[in-house]
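Okay, so chain A shows up in both of these, paired with chain B first and chain C after.
Showing the complex of A and B:
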């Protein structure tokens, strides 16, 4: 499926583009951190410690002056208090309102984002590519029906539909044992990881349309190629032709679209968990929402997870740009349903 | 008359899509656990009361009767009554529509006004500092969640600098404008600006970034093409080459993608409204989901879907007008 020429293009584009290198670097770091979260996180991200709540990140120690009056020996006295809130290296990115380390939460949040992004994209791709290939290959009435239903899907903004579906279906989640903890490498970390099941299904279901459009376009052009006609003339079945000829030839644009979609779905997941429509509390969007209440006193609670989202999405978008420039699938700016 | 036929054909397709939207919205209730009666009836309601409510809502009717009732009601502008407040759902939905439209329109205007010149600048000064700046901005813009951007704007401009309002809508554009006309006072407009600036920036940034990116790459393609070389060789001033020829052709794909991304704009408006307590359709959708207020939720979704279809027909028509090849396909 990957020809030497394609590899050559990828390598050439990678060498000439600093942004491609940056993208690959960011993605490798984020994936590494997400997979090995229990090893990188300095603390259990769910353990509360109210004595150490709202500590600022390193470099942002604050001093607040408060004035209060108190009765001392029958007379009213004004007491000036200076409160120093010192940042500590134990919590390099500070702590949230319940004393949980922001660094650990951001590291574990990467897992949620990436898992939802990847699994959601795979689901969307499987549904969308199947629909698109069938529509483009058979054309005619099948095509009309399938593509009209794709139009109906497009008429609902994916975020609105996702909110409606998660809100109505509930927030089912699976507890998945953490292999690193089970293996005894990091016994002090949470033994299981919450996978927001409904969210994954829903983000997959609301984003299949983009894959359907691209796969259909590819099927429409590939089915007219002479080797497909040749295959048909020697009696190959339709499903054989779709699987062996049309699908492999659509792989490049689907791969590029898939990369952009992971970024779009990460943004969508963060929006859902920001609004409280998620199955897990270990999520960047969820922390941003919690931090809103402390914006005036502890700005970092909302700020830190947001920076994590922006950096990861930039990395994935750069990766997508690299693949697009090197493979040139001709899908332009379609399919990035981000903006959430 | 090819354009007229094209618009008619798109309108007919649009009607089919709207019918699909309504069907999905109607069906949503039947693939969702939970019973509307339990939303309306008090916890200690007797079986007779429950039956009465079911009869009144037509819940005992066969599915196709309920479906036809819903379709016929919608055709007459009847979306049913809110389960919570027992007022007309359509009145609530349409009362919220102007706020959302206002936000979306202002965000779009901001996006178009900033992004197209920025994209052109970026393409004509390729590999200069201005180009790097614009590229960096657009990369960050398409990668930033707008709700987080909104919170950061609140943090800087409202909490720290206290310039703008953090929540609510204020007077609204129409009443602010009428205040300017009737009383000659700009106070209304200033107040309107203090409310809408942050939400519009939060919502518009993604689109500004997206259109900048598209304009830049489109302009680069066009400026390198043979016909541009030809008009340049003819001695046409560079300004004319750029704006009359290259930019015009660049706008064709920009319009296509914009049309496709309108859903994102509406979806983005929903979450922006949640951040800024903007009293629009988005906040209505969220509260109606939490309260399981079906008529309100269904009505809002239908209005959003129909709006999307209408805007898309408008975009397609504009597209066909700019690029006449489309009509003859």
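Showing the complex of A and C:
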């Protein structure tokens, strides 16, 4: 399916671009961490330990002031006590207000973000590409009907639409058994993780329009190629032509859009979690929201998941840039003719 | 728009039947294709009629924009919005199909002939491949760059194979290529829509069109082929359905001269071997002279002059045909300057056409009667099927009746075009 020339372009672009390497590195690390979360996480991300709450990350310390009154020599005195809380290596990134290790929570949060990002993008791509290819291939009234409804979708602010849909459908989520725990490799970790079903469907339905627009544009241009006419002149059906000729030759921009959409959907999921519309509490956005109350005393509770979001979104976007530069013949150097 | 075309609506059958004893395989009658654009209605093909006999090569020649390609696409029913075939009949001789259609669509059947314009869309599609097939102008863009040439050829064959297994059912052609199958095919490279027989036949076809090392070449992508090789592969794809009528739409325009000759030889050989009919569309009179038995000269969406090769080349009546012939360089006598036809093909917008000869504005022999009424197509000297749409067929050119102001008009037009 992937031609050798395309692979050659990818390799050449990868070698020449430091940003591409960085992007791939970040994505590989994030994906690896997410898949093997139970092995990387030092603690169960859900176990609370109030004795160890709000510990700072390694390298930082924090002080708590406590004021008490005591009888000293028959008079009341106010005593200001300053306690220094030192970081401990047991919790390298500190703990949140309930004493849960931030490192473990960030590692498990990567799972939620990536799952929602990937599954949501796949759903959006399947819906959007189908609609877009059909609209672009048939043109005319079909095109008008489909794309005007897409425009209506686009007119809604996506976050508001997502919140409305979550509100409408509830926050359905499935508990999926964790294969690493089931296999007995990491028995001390939670036996399942939450797949936020509604959120995935919602982010998919909010973002399909982008795929529809790109796919329609590609279909409009590819359908004019002689090989489409040639296929029709030997009797191929419309659906056959769409699948066999239009789709493969529209694949490159759709693929590039897909990577960028993963990042956008991760951001959208974080925003939804931040606002409390997520099906799981193990999410970067949710932790940021929780840490907001402690920003003055324990900045890391919000900052650590925030950095995780920033890093993964940057990484995915760099990956998308690499794909675009390597696959799009119009941008920089010599590229493939779209043989994805 | 057909009200004043009475002259061309004569005798659908029988005309010109004396060149071959058999009945024509294809009778095109009053075919009109219009494009409905923002600028207005464009009559790209206007009431065109012609016959194609078994095993002959019929040439259609004309300038760019004269409606040659649209005629071809109209026959295959491949005209796309904003264009539409608005009128006409395309009678195709096929006794089996006629029997099939006689009960369900009696209006579309006449003897052994079926009017492909009046059968359902699905049947019309099923005719593409086994009945009509087409070779396109630019071989480089006629192959999907993401599929190997052999695979693409095999797919065309597979479409035909499935069609034959279940004739004239539209669904059968791509049966087994539903969404589920599509997904598994994409994920499992070992599975494929095409069968091993189709692959073999694809290699065989590549052999037949003279591609060396066909087995290896079949596994290559179109960008690894040269233009000439791709055009051969294109011919192979058009042959996949063993068509009765092969339409070659400027098959050599995008190729260099030596390759042109090879492709033309190949087409001539194949036409002989397969005993099919070919409609050769070109702007190159050399190609017509070399390949065709009969020829129609198209101008502004109409056939201006038609006849056997000798009729058109040796005894042209229509000044447009004369002009085309005069604009061919003569290698033996390069001294005289070529005589181009002044001006350009009219825009064909319906509202600007009027009831007159469309060529009158550019015609060196235009007379007053040319703009008074549109000339009908009439028999003229030469063979029985030498017919021409020109007043000169019936009277000599008379300079005293020359269209007043023609020279000035033409000069003004020429400067406006520049």
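A few comments on the model shown:
By definition in this document, the second predicted complex is superposed on the first by the 317 of 340 C-alpha atoms of A that agree within 3 Å, B and C clash if a C-alpha of one lies under 4 Å from a C-alpha of the other, contacts with A are read in each partner's own complex, and residues count from 1 in each chain.
Keep this in mind: a contact is a pair of C-beta atoms (placed from the backbone, for glycine too) under 8 Å apart; a residue touches a chain by one contact, two chains touch by 3 or more.
What you are looking at is a predicted structure, and each value in this text was computed from that prediction instead of being measured.
When both complexes are superposed on chain A, chain B and chain C end up sitting side by side without clashing. Of the two partner chains placed by superposition, only chain C is touched by A:139; chain B is not.
By the touch criterion stated above, A:244 is placed in contact with chain C alone, chain B being left untouched.
The larger set of touched chain A residues comes from B, when the choice is between chain B and chain C.
In the superposition on chain A, A:275 makes contact with chain B only, not with chain C.
Of the two partner chains, chain C is the only one that A:231 touches; chain B does not reach it.
With chain A as the common frame, chain A serves as the apex of an angle whose CA-centre rays point to chain B and chain C; its value is 80 degrees, to a multiple of 10. Looking at the shared chain after the overlay, A:9 reaches neither chain B nor chain C.
The gap separating chain B from chain C in the superposed three-chain model is 10 Å, by closest C-alpha atoms. Put simply, chain A uses residues 337-340 to touch chain B in one complex and chain C in the other.
Chain A meets chain B in the complex at residues 148-149, 151-152, 154-160, 163-164, 167-170, 263, 267, 270-271, 274-275, 285, 288, 291-292, 295-296, 299, 302-303, 306, 309-310, 313-314, 317-318, 332-334, 336-340.
Remark: chain B residues 13, 16-18, 20-21, 24, 28, 32-34, 139-140, 142-148, 151-152, 154-155, 159, 206-207, 210, 213-214, 253, 257, 260-261, 263-268, 270-271, 274, 282, 285-286, 289-290, 292, 297, 301, 304-305, 308-309 touch chain A in the complex. By the touch rule above, chain A contacts chain C in their complex via residues 1, 3, 5, 139-140, 225-227, 229-237, 239-240, 243-245, 248-249, 251, 337-340. Within the complex, the chain C residues that touch chain A are 76, 78, 81, 125-130, 132-134, 136-138, 141-147, 152, 155-156, 159-160, 163, 170, 173-174, 177, 182, 186, 189, 193, 221, 223, 234, 237-238, 240-241.
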